[in-house]
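Take a look at the structures listed below.
In the two assemblies presented below, chain A is common to both, partnered first by chain B and then by chain C.
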Partner chain A sequence: MQFDPFVIPFNIGLYFILIYAVVRSVRWFSNLSRPDKLRLQRGFFGRAFGQSLKEIFMESLIHRKILKSNFRLGFMHMSLAFGWFLLILFGTIEADIFGEKHLNAPYKAIFFKFFNPDHGRAGFEAAYSFWMDLLLAFILSGLLIAVIKRFSSKVVGMKKTTRLRVLDKVALTSLWLIFPSRLLAESFTSGAYGTGSFLTGFLGSLLASFLPAQQMAYPFWWLYSLSLGTFFILLPLTRYMHIPTELFLIFARNSGITTGDQPGAFTEIQTYSCSSCGMCIDACQLNFSAGITNIQSAYLLKGIRNNENVSDIAFNCLMCGRCDQVCPVGIELTPIRMIRRRAGETEPVQTSIWKKYLPDRLDIMPVKTNGKTSYSFLPVEEPAKTDVLYFAGCMTHLTPAIGNSMVRIFDASGVNYSFMDAGGGVCCGRPLMLSGQDREARELINFNSQLIWKSGAHTLVTSCPICYKVFKESYYLDVEVLHHTQFINMLIEEGSLKLNFLRKKVVYHTPCDLGRGSGVYDEPKEVLKHVVRLQNTNFENEKSLCCGGSLGNIKISYQEKNKIARDTAAELTRENPDILATSCPLCKKILAGATETKVADIAEIVAEAITVPMLKKNTPKPASCLRKNVIVY
Partner chain B sequence: MNKHIVVIGAGVAGMEAAGQLSNAGFNVSLVEKDENTGGHLNGWYKLFPDRRRSSEVKDYLDKLINKDGIKVISGTTIEKLVNINGIFSLETREGTEMTADAVVVATGFDLFKSSRKEEYGYGIYDNVITSSDLEEMFRKDKIVLVDGRVPENVGIVHCVGSRDEKVGNLYCSKLCCITAVKQAIEIRELLPETRVFCFYMDMRMGGAHYEEIYREAQEEWGINFIRGKVSEVSESIRKKLIIKAEDTLAGRPLKMELDMLVLMAGMEMSEGGRILAKSAGLETGENRFFASADNHFGSNISNIPGVFYAGTCTAPMNITETISHARATVSDVLNYFKNRS
Partner chain C sequence: MSNFGFTISKARIIDYDANDRSIAEYIAEHEPSFRVCIECGCCSATCTTGNFTRFSLRELQIFLKRGENELVRDNIGKCMLCGKCILVCPRGVNTRNVVTLAREAFNKKVKNAV
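Let's turn to the complex of A and B:
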């Protein structure tokens, strides 16, 4: 029986973390809602299982997403995760093949060299030692980058890296010590016995030439075991909890579980899956344009994990969704932020260190409102029957050029439409939702829903992406909701809107709520390609910038919003286009104040391109899909 | 004294400064970007508080600069200003150069571009005009809508581009309130049947005789002053303007049909001034106007010795203040040369 007291710290740590992972997983599973439990069960025995394994390999080990966006940072993560994985895998195989017997306790694989110092002299054994040295070198190269990143984040191509707490620092130090102490322990042992490959062998003989290698090795084996044990014991209290949690998250996500709008176990799992890698910080315009560096998603999740009052952080966000796009773990950051907004102010909770190992559920009670909200003063309207309803929205009323253009387009297309809020209407409800007041928003939604239902329309067209998102997601109506760019694109494809080509160079700014928020990327560009020459920018589709005027942020000043607007406008007008086009009245208004370039909505550009004979009302051929009968339930 | 001074801008401040510098014995070149001197004065018709014609002030200024010691160079824009050991070299857009021993910057202001407040519909609805468009109408003695009809209800919006964080102008332009009151009275004089509504945030009647005119507007001319800004403007099928506002004194939202809407555009640092500030390294304040060396006793002095300010390039001012400010430049220029020799 090969045993030495120094393996005890490692053994304690390993068995602790294994048992802990099981306990925590069972708790998370039992906290899932019933439908989510069923999803996970079905996923575990279905296709999701294979998908999850593939995703774990690609993202948790290889770190493909980070590699694609930032090679140096990706290499760092890959060498530590994938390298360590391979080291364990091949270490286990090594112990199995070359050890005293098959199926060894884990410590024998980890400390193989200590128990088999003579191993690796020649032939296949030497080749295997070479491979193990190569893996260690691979990890150490990543570790070197990590150490440099901690002191100078620019080296790995990051402008900012996350700030750490004390426990994180202790855990980080023990993590950093693991591989150098393994290197030194193995080198001394190799030096004493004249074994080891290019790394441990070379370093070992070098050290042995002026140090008593035999005596030096033992303390480093202790250090190696201690740092492993410490790291495992502290792991649940630190951000490294993301390592086991992420596995659970990937299974849950592939089984079809989503965040939704209520807090719950899945939100909690995502909160613990954040590795604080800091990619969201670099993507955040509040950081690189307005210089606000303490509210990004990594800090929000850290605050939630530490039971702090994160209300200020939750509300200081443009809700542009850029961080959702770059998060390598795929955490639904914006929905989680919305859930925190609904919670309002929360009391910070102080808990003992022991309590943190099994924290209470991160549930948040919905805010109790004082008094009753009522919009009973709103006039009851009897709308005329129509096929298509146009809802301009309040922002379009503040940018009348867009509304006027839509009226011209409707008239030219011959569609039977009605301007729902021509004389001013009721808010769509999204601004209230963004400030966490769902109950109040629901009142407005009900009011508008009645109007839409009474009109008998089967299509609702809106000019404002903010309205579009809420109509699409939070109104339960049997109407097709279209943004006006989708509607115009349909008219063009149907042939009921004839347009001239305007000789203009145009860049397109994708509004957050239309693009990342609702997934409408192509139709606006298709429309533009019909009428103008569309130029590309460095910020297309998912990468698009926020104009800065977002309704989602009620914490920053106009000066800070203006800074973001000027930076965005400058980036988009780099190639000196004739027009900076967008498809959101708010973006238009904000960008127009931030650049000398003409800013126009797609509707304005299209209205300008309408061929003259089309302008007379009721052309004979309205879009066929708009002529279908209204289904009445 | 053979010192040569270049005055940039031949509006009220530039002309006054040039004339007084010449009186003090300097050689003066007066550079103007337009073909004519007079600047914004050419656009106004009658001036507050006494409603004298702007042409009378223009005549006074013309007479002041019409002398041998002043060379008027019009149609020329200064784009670069370099200081070489106390001698200034000025480069025009056309590429010609001139030198000066001292420079007086009198680049004035630009009117806020009202189309930037799209919710008011300037440039979208025909009958939404600015205060400066209305002056044009007064000059012709005729206030009509685009279709030739006489307006029955006219709205005046104060603070367009002033005291407005959203457009980045926190400051008060100071003259729009009194301009609104003056123009409201003038509309009533010309069209006695027309009703006039002023939408204001605060009535800032700080100048001489302003308060009296404000009282006269209410008591004698029956002009309605409503405290609250217009939020949005739309157009009805009959081409009437429908405005939405809030009467903050009554605490009620309000919707009104108007024939004409006049926007009281505020004052902004002129584009020429911005270009000059950048090329010469002249300091500007948060309001983007030139920053004077001292708020109390150095309002004509810039951060570059030998470069002086006159008039509204430092802050919004009325004509009275502009002329005083321009005259004060002369004593600063005299002190500058006295201390140098």
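Let's turn to the complex of A and C:
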């Protein structure tokens, strides 16, 4: 039996982390809600299993998403994750083929060179040693980038990297020590026996020429084992917990589990899956425009993991969703933030270091209710029956040009419509939701729902993406909800709206709540292509910027908002367009104050382009698809 | 003399010593822009809630600063947080945060935390 005391730290660490991963997984599984449990079971024994394995290979090992967006950073992550995986895999195979017997204990593979120092002199053995050296060199190249990144993140194309806690730094140091100590240990052993390939062999013979290699090797084998052991023991307390958690997350997500709007085990899994890589920090406009660097999603999740009071962080966010798009782990960051907003302020909990290994559930209090209704003053209204209901929204009342344009478009297309909040209606409820006041929001939602239901409309058109998102997601109504850009696009396709072509260069700013928030990217552009020449910007679709005026952020000051608005407007008007088009009254209002270029809503541009028919036979036919019967459930 | 018109308004004394300015101070501490309000009333002019009922953020801010909290406590819940007032404010007061903080302060006041 090959054994040496130096393998003990590694063995303790390895068996600890394996048992720990199983215990945590069982706890997470038991904390899932019953439907989620069933989903996970079905996913585990179904098609989702293959998808998950593929995703684990592509994302957790290769880091495809990071490679695509930033090659140097992706290479760093890939070399450490994929390289280490290959080193373990081929190390195990090596120990199995060339070791004294088959099916060895894991430490035999990790410390193969120590127990078989004479291995790798010629033939296939030498080729295999070459391959193992190549893998080690691959990891070390990534490690070099990682060390450089810690001191100057610009080198790998990142503007900011995450600030770490003390424990994270200790774990990081032990992780960094693993591979150089392996290199030196293997080199000294190779130097003493005259084996090793291009890396360990060369370095070994070099070191052996002036150092007693035989004696020097042993301390480095201890260092290698100790750093591995330390890393495994500290892993659950640090951001490296993301390594085991991410596997669980990928299986859960592919089985169809989503965050929803209640805290639960899945939220907890996502919280621990964050590797604090810092991609969200670079994407955040509060960081690169307003200089606020302590509220990004990585810090939110870090605060939640450490049971801090994160309400200040949770509320200081534009909720634009840019971080959701760049997160390489695919964590649903904005929904998690919404859950924390509902929770409001929480007491920070101090726990002992032992408690942190098996923390309590990250549960937060349910919404407080005081039973009083806040909006009992709202009048009971009896709206007129209509087919299409137009809800302008609060913000549109501040930019009346949009509302007036919509009225012109409605009139020109001959739709039977009714202006729901012509005299200034009730708020849609989303601003209250964004402030975490769901109960109050529900009152407004009920009020508006009644109005819509009484009007008998089958289509609801709104001009404001903020309203659009909440009508779509939080109103339980049997009406088709359309943003006005979708509605105009439908009218054009049907031929009930005839438009002139305006000779104007236009860039389009995708509003956050319409684009990333609701996934409406194409319709506004289709409409614009009918009437103007649409120019491309560097911030299209998912990459679009936020205007800074978002109602999501209630902490940010006027000056900081202005900085974001000016940066956004400057980026979008780089090509000197005639008009900066958008489809959100709030974006219009904010951007108009931040640029010299004319800012207009798509509705305004379309209303300007409406053709007046010269002959009666050219009159556009009234929109037909809107004449469907109302289905009453 | 009694017919001179002194009786139109009720006699009223604002006693600054008796009034409780803790809520206003709590808000100003967490949202400094609360101090720069000039009580111009633009927020009240554009207010969505103001369309339906007697609700004026300007009035509430004045009362808060004076430390007369009863009217504020009864009315602050009427705000819908739609955010139009922020956009029209000439001084850049973060009115939504003022309202949220006021609600928070009244909630905490019940628990004697402020």
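To be clear about the criterion, the second predicted complex is superposed on the first by the 621 of 633 C-alpha atoms of A that agree within 3 Å, B and C clash if a C-alpha of one lies under 4 Å from a C-alpha of the other, contacts with A are read in each partner's own complex, and residues count from 1 in each chain.
Keep this in mind: contacts are C-beta pairs under 8 Å (C-beta built on N, C-alpha and C of every residue); 3 or more make two chains touch, one makes a residue touch a chain.
Quantities reported herein were computed from a predicted structural model and do not represent experimental measurements.
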*Check the residue A:377 against both partner chains and state whether it touches chain B (first), chain C (second), both, or neither.*
second
*Who does A:424 touch here: chain B (first), chain C (second), both, or neither?*
both
*Chain touching more of chain A, residue-wise (chain B, chain C)*: C
*Given the touch rule stated above, what does A:30 touch, chain B (first), chain C (second), both, or neither?*
neither
*Counting only touches as set out at the top, which of chain B and chain C does A:209 meet: first, second, both, neither?*
neither
*Which holds for A:397: it touches chain B only (first), chain C only (second), both, or neither?*
both
*Regarding the shared-chain residue A:592, is it in contact with chain B (first), chain C (second), both, or neither?*
first
*First, second, both or neither for A:437, with chain B first and chain C second*: second
*If you stack the two complexes on chain A, which partner ends up touching A:554: first (chain B), second (chain C), both, or neither?*
second
*Interface residues of chain A shared between complexes with chain B and chain C*: 397-398, 423-424, 558-559, 589
*For chain A, which residues are in contact with chain B within the complex?*
397-401, 403-404, 422-424, 558-559, 562, 588-589, 592-593
*Across the complex, what residues on chain B touch chain A?*
116, 118-119, 121, 124-125, 165-168, 231-235, 242, 244, 255
*In the complex, go through chain A and note every residue touching chain C.*
344-345, 368, 372, 374-375, 377-379, 394-395, 397-398, 423-427, 431-432, 435, 437, 440, 444, 549, 551, 554-559, 586, 589-590
*If you look only at chain C, which of its residues touch chain A in the complex?*
33, 46, 48, 51-53, 77-78, 80-84, 87-89, 92-94, 96-97, 100, 104, 107
